[in-house]
Each structure stands twice: as C-alpha cells, then as structure tokens.
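The same subunit A turns up in both complexes below, where it pairs with subunit B and then with subunit C.
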Partner chain A sequence: MFGRGLATLAAVAALVFSGALAMVLFYAPIDADQGFVQKIFYLHVPMALVALAGFVAAGVMAAIHLRTGERAWDLRSYVAIHLSTILGVGVLATGSIWARASWGHWWVWGEPMLVAFLIVFLLYAVYPMLRFSIEDPERQARYASVFAVMAGAFVPVNFAAVRSAEPLTHPQVLSTTGGNMPPEMLATFLVSLAGMTLLYLTLWKLEMTAKRSSEALRRLQRGLARDTDEASARVAPATPPVPAIGGPSPGTPAREAD
Partner chain B sequence: MPALPLGEAGVYVAAAFVVFVLLILVYVAIIGAKIARVERELASLNAPDDRREG
Partner chain C sequence: MTRAALAILAKDLQTERRTGEAVPAMALFSVAVFVLFRFGLDRESLEAGLAAGVLWVTLLLAALLGVSRLFAAEREQDLLDGVLLAPIDRTGVWIAKAIALLLYLIVVELIAVPAFALLLLGPPLTTALPALALTLLLANVGIAAVGGLVAALAAESRARELITALLLVPLSVPVVLAGSAASAPLFTLAQQPEQLGRWLALLGTYNVIFILIAVAIFDYLLED
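Here is the complex of A and B:
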C-alpha cells in the first residue's frame, strides 16, 4: 500500500547505477594528473551534491509543514535529513580516502571545502538529538521543522561562501567552464549523478514506507486496544458481582435491623 | 603528488566503493529489519482471526 512504485524505482536506480559504474570503469578516460585514483570523483562528488540537495529539500518540506501543519511533511523532511546525513558519512569517508591517495593526507584542515562540509554534517548530526529530546509530538515536529528550515537555508549560503573562498587544493567541479572536463568524463559524471539521485529517491521511499507502515500498525493496535476496553466495559455489568469473602452471598436478603 | 601506480590507486578506488556499498547495505538491512518487525506484529494481530477462519 505505502510502497507503491518502489520496486520500479529501485530497478531503474539499479540499472542507472550499474550503467554509471560501467562508464566509470570502461568509458571515462584515466585522468592525466591524478591517474586511476580520480575514479573516486564519480562516487564522491555526486554523493556530496545529492546529500546537500537532500538537506535543502528537507528544509523546503519542513517549511511546507510549518505552513500547512500536515505532519506528513515533517516525516518526509525527517527521512530526507536522515538519509542525507548517512550519505554525508559516505562523503567524508570517500573524501578522506581520495585525499590520502592524491594529497598524502587523510584530512586537510586548511581546505575550506572539507571543513565547510564537516560543519554542515555536524550541524545535521545535532538534528536527531534535538528532535528526540522533545516528547510532545506536536512540539517535536514544529521545532524539528524550524531547525530544518534554518539549516536548509544555511547549506546553499555555506556552499556559495566556500566557492568564493580561495581554494587551496580541492578542485572545483561545477563551474561555468564545466570543470574543464572532457566530454567522456562529463557524461560519466552526469550519469553517476543521475544514478545517485535515483538511489537517494529509492532509499527515501523505502524508509518512508517503513515509517508509514509502522505508524499504521500503531494506530491499528491502539484501535484494537480501545475496542477491547469498550467491549469489556459493556460486558462487565451483566456479570454477577463476586461475593466478598465472609460476606453475604448476592442472593441473600439483608437482615433487618432489630 | 605524482599519480599513484595503478595497483596502489586501485586499492584506494576499491576501498572508496566498498565503503559506499557497505554503508548502503547496512542502511537497507536496518530498514529491512524494521519492516520485518512490522510484518511480525501484523501477523500476531491477524493470528486470532486466522485461527477462527481455520
């Protein structure tokens, strides 16, 4: 019921992702400067872009929740942030591996792009703590949405600030010159980006399906428990009262006072 | 830094892809476990009806 279209989406994502992997390995030329290790680019950069776009999308969903009051938008925003944070772990891990291979260091603190992404990641790492520290569901959804809107607005501002900063070692991919990529590299990058986007959408839909199924089950359990209580309450008066130990039986008339 | 030889670079590239695949697999396994739990609880709710019909 909730996972309608999920299988098709997953199949398309798997197909495009497999195609992207094939292009990375057999079609895209070896980089003249970095050599084979540059292949990490086709995984790392699409993952970073999709994660950041997911954060922004979560902010938009949260804004819709604040405007309409529909809890479904808060759930959508929460799942998008959850998934983007997980992709963020992947971005940091693959970025560190790439940095070690091409710069000789796992991490470079002086590089604005790396530190900016880490700040965004740590900002969103706070989101679950904020969300689940509030017990009241209404307040929880409202506060989480306010956070998501503020943080979602911070992401593009942060990205623009980093791009305008003086880059030290990190290359800039998205530029008016297309990052000076040859057409084969650009095509491979775009297919990888499409594959990563489809993977994100598939996983988002999967988690939404799990959350909605779980919520529907809880509602069903609460409804059943309520029905059982009401049925018990209706049945209870018809049953004869249990006599107290040592007291008169229900049918015994009370003895008249002398 | 000069480009790494193919053998050494291949290890780094493979490591990056393995990290990514593991991350996605762990995520899907956790979500799959949650869906399986929902299915189990749903089956336990349906169990009295199933017994009555059987």
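Here is the complex of A and C:
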C-alpha cells in the first residue's frame, strides 16, 4: 500500500493548523505597535522557516542520494524542493503584505531578510529547469542532487552575507524570543510553527505517495503492454499469465511509502 | 590529481592562447558595457556607490561569458569521454577549470579596470589600487570556484547557456555584494575604508565554503 499513515498525519496537521489559527485570532494579544496586521507574522515567519528548512533538508537528502546511489532519496529531495518553492511564493507574498502594512512599501530593498529570501527563491526556481532539461533519468537525478547540495549550502551563506550588508529593520523575532515577546505570542508562534511543519510534511508525503503510485502504475502498464505484445506475437489467444503482470523487473518490488 | 589538473590546465591555457576564444571576448564585452553605461547614464563621472555597482555587475557578466565557454571544447569535440577514461580523480578537472577561469578573470580585469577608471571614474585610482586588487582577487577565487562547478552542472542540460546564467547570477550575489561594498569607499577620495576587513572576511568565507562543496560533490558530475 502507498501512503501508509497519510490520513493520520493529515488529520493531525489539520487539527494543529486550525488550532494555531484559532490561537492567532482569539488568544494572541494584539501588537501594541502594529495592531492587527502583526498577526500575519504567525503565518509569514513559520512559512519562511519551514521553506528554508525544506531547502536545507533537500540538500541533505540529495547528499544521501549521492552517497548511497538510491534513487528514492533524489525523489524525496525533489519533492521537498518543489514544496519549499511553493511555500516560498507564499513567504514573498505575505512578507510583501506585511511590509506594506508596517513600513508603507510593498518591497524594501534595504531589508536583508526579504532580499536574501528572494535570492534563494530565484536560485531554486532554476532547479526544475535544470532537472527537466536533462533527459537521461539517472544523470538527471545525479545532477539535480548536486544542485540541491550546492544550493542547500548556499542558503545559510547567502543569509549571512546579505544580513551583514544592511542595517536591520526587520523584526528580530527569533533573536528576541526569550526577551520581549510575551508568552501568549510565543506560544501562538510555536503552535503555528508546528502546524506549518505538519502541513509541509503532509503535503510532502502526499506528493511522494502520488509520485510513487503513478510510477508503479506506469510500471504495471508497461508490463501489461509487453505481455499483450508477446501474446499477440505468438498468435496464441490464450490468457496472459497473471503473475507476469508484476512488471518487467520482478526483482524490484514496488517500494512502499515510508 | 595535481599532475592531471596541471595537464588539463596547460591544455586549456594553450588552446586559449592559440584560439583566443574566451579572454578577448570577455575583455571586449566588459569595455563595451562600460561604454554602454557611459552613454546610458550620461555623466562625466559616477559617484562611488554607483561606480562600484557598475564595475562588479559588469565583471560578473564578463565572467559569465567565460563560464559558459569553460567546457565548450570538451563538449563540441566529445573530449570528456577521453578524460573520463583516464584513471584520474575527477576533482582534478574542476581544479583545472577553476584555475583557468581565475587566470582569465585576472587578465580581463587588467584590461577592464583601467578602462573603467578611464571611462567612468572621476578621481584617479592610484592609492586605492592595492585594496581594490586584493578585493578583486578574493572575489575572482569565489567566482572561479562556483563557475567551474556551474559550468559542469549545466554542461549536460539542453538549455546550457541559459542554465549557466540563471545559476551563476544568484549564486554570486554575495560576491557582488561584498565586492561592491568593499570597493565603493575606495572610489570616493581613495581613502582606506574601515569596513574593508569585514568584507574581505566575508569573501574569504564564501570561497572556503564553495571550494569545499565543489571538492565534495564535483566527482558526481562527471560519472559514466
């Protein structure tokens, strides 16, 4: 079976995420400076953190692929980058809205976090182009993994570089966590972070499941097509042997989702 | 590994000396872009911050030309198979290509920086020259390390030139950022900037990280 445990994970994610939403709306206090708009922080920051962690995790998975040569790790890394890129669009959009509300501009170039995230996003936007412009599947997986390792290491370097370049206007959320954030805000933020992480994991697992089951389906179809070809070539209308439907390579059973 | 790298480097440099494919094009391109900026911005001389940006972006674009030519000979003549047949460490190929690119960049800058000073800069560059040269050298090492990796990464894809450009530009943002921040104060009154050390340290860190990454993963690019 594919996608074992997916339903449970999805249910937990939905629960935590809606819990986080409820806390954001009814529990967390209104920010004294920024008012209601500050609540976008509970969406924007967890999304950014999860997206960046996804990029770095994809680099680690790609490194495992290169080390072990197991194609499954390349697929995992690809799906992680795919989802992080999608979250990245959300990060840029919510960041823009927040910037407009609290600084008065949709985009502030002097703002290192915004710019650093944009650069990372632009780099990862090349990943699908690189990946799908290489035809040979084995080489495609290898080159995509090399990219993922390189870009994963680039993420922290880039943030350090851009951050050291500019004066800080960005709300320093994490560095002041212990200090000036009231406990209600901190609790809401942590629950939001957990909800976003669970959402990411659910989507990741969902896409992995979809990819693997369509791959298995293709394998079955190929096997079936070959069987019917052979059958018609022999001009024997007898029913094709059922066990052979398993595919051209019975040595590699359909891999189960983890 | 060293001997193989040196052999490939010598081959590349000899080809470059005889055909003159990369370096003249890069130098010509940067001078043309400076002229373009001279007319596009239409000023007698640029203020320091703007001048630094123009210099570094132009040098990066010139480097891009070199990067997209790095594996051109190997690809067009199918020479990589020969290299792969030889029992040598693949990392040697990256070392050779990166050093070749580094040398190209240095030669190009020997032409481009005077042209830049002549066309776009008000005050003379003389006293600031050592600091600028050091910054350029560190930045060149970083661009060469990343460029060698990116060239090999893009070499197998269908849209090679596009992928090279799209990869190299975001990856070298920290270099351009540090380089232009370090050199902007040098162009004003040729004074020593107090922040120079910090930017050079940033460039150095970038170089070390990407050299380590390239050594760790270049092997996987030139397999089969």
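By our rule, the second predicted complex is superposed on the first by the 222 of 258 C-alpha atoms of A that agree within 3 Å, B and C clash if a C-alpha of one lies under 4 Å from a C-alpha of the other, contacts with A are read in each partner's own complex, and residues count from 1 in each chain.
Keep in mind that, in the parts below, a residue touches a chain if its C-beta (ideal position, glycine included) is under 8 Å from a C-beta of that chain, and two chains touch if they have at least 3 such contacts.
Everything numeric in this text was worked out from a predicted model, so none of it was measured.
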- prompt: Regarding the shared-chain residue A:104, is it in contact with subunit B (first), subunit C (second), both, or neither?
  reply: first
Query: Which partner does A:228 reach: the first (subunit B), the second (subunit C), both, or neither?
result: neither
Task: Classify the contacts of A:162 with the two partner chains as first (subunit B alone), second (subunit C alone), both, or neither.
output: second
- prompt: Which partner does A:68 reach: the first (subunit B), the second (subunit C), both, or neither?
  reply: neither
Message: With both complexes superposed on chain A, which partner does A:207 reach: first (subunit B), second (subunit C), both or neither?
response: first
Query: First (subunit B), second (subunit C), both or neither: which does A:133 touch?
result: second
- request: Would you check which partner chain A:89 touches, where first means subunit B only, second means subunit C only, and both and neither mean what they say?
  value: first
Message: Let me test your reading of the model: by the given contact rule, A:153 touches which partner, first (subunit B), second (subunit C), both or neither?
response: second
Field: Overlap of subunit C and subunit B interfaces on subunit A (superposed complexes)
entry: none
- request: Provide the residue numbers of subunit A that touch subunit C in the complex, in ascending order.
  value: 63, 66, 119-120, 122-123, 126, 129-130, 133-135, 138-139, 142-143, 145-147, 149-150, 153-154, 157-158, 160-162, 164-165
Message: So in the complex, the part of subunit A that touches subunit B is made up of which residues?
response: 31, 33-37, 39-40, 43-44, 47, 86, 89-90, 93-94, 97-98, 100-104, 199, 203, 206-207, 209-210, 213-214, 217, 220-221, 224
Query: Within the complex, which stretch of subunit C touches subunit A?
result: 149, 153-154, 156-159, 162-163, 166-167, 169-171, 173-174, 177-178, 181, 198, 202, 205-206, 209-210, 213, 216-217, 220-221, 223-224
Query: Which residues, counting only subunit B, touch subunit A once they are in their complex?
result: 1, 3-6, 8-10, 12-13, 15-17, 19-20, 23-24, 27-28, 31, 34-35, 38, 41-42, 45
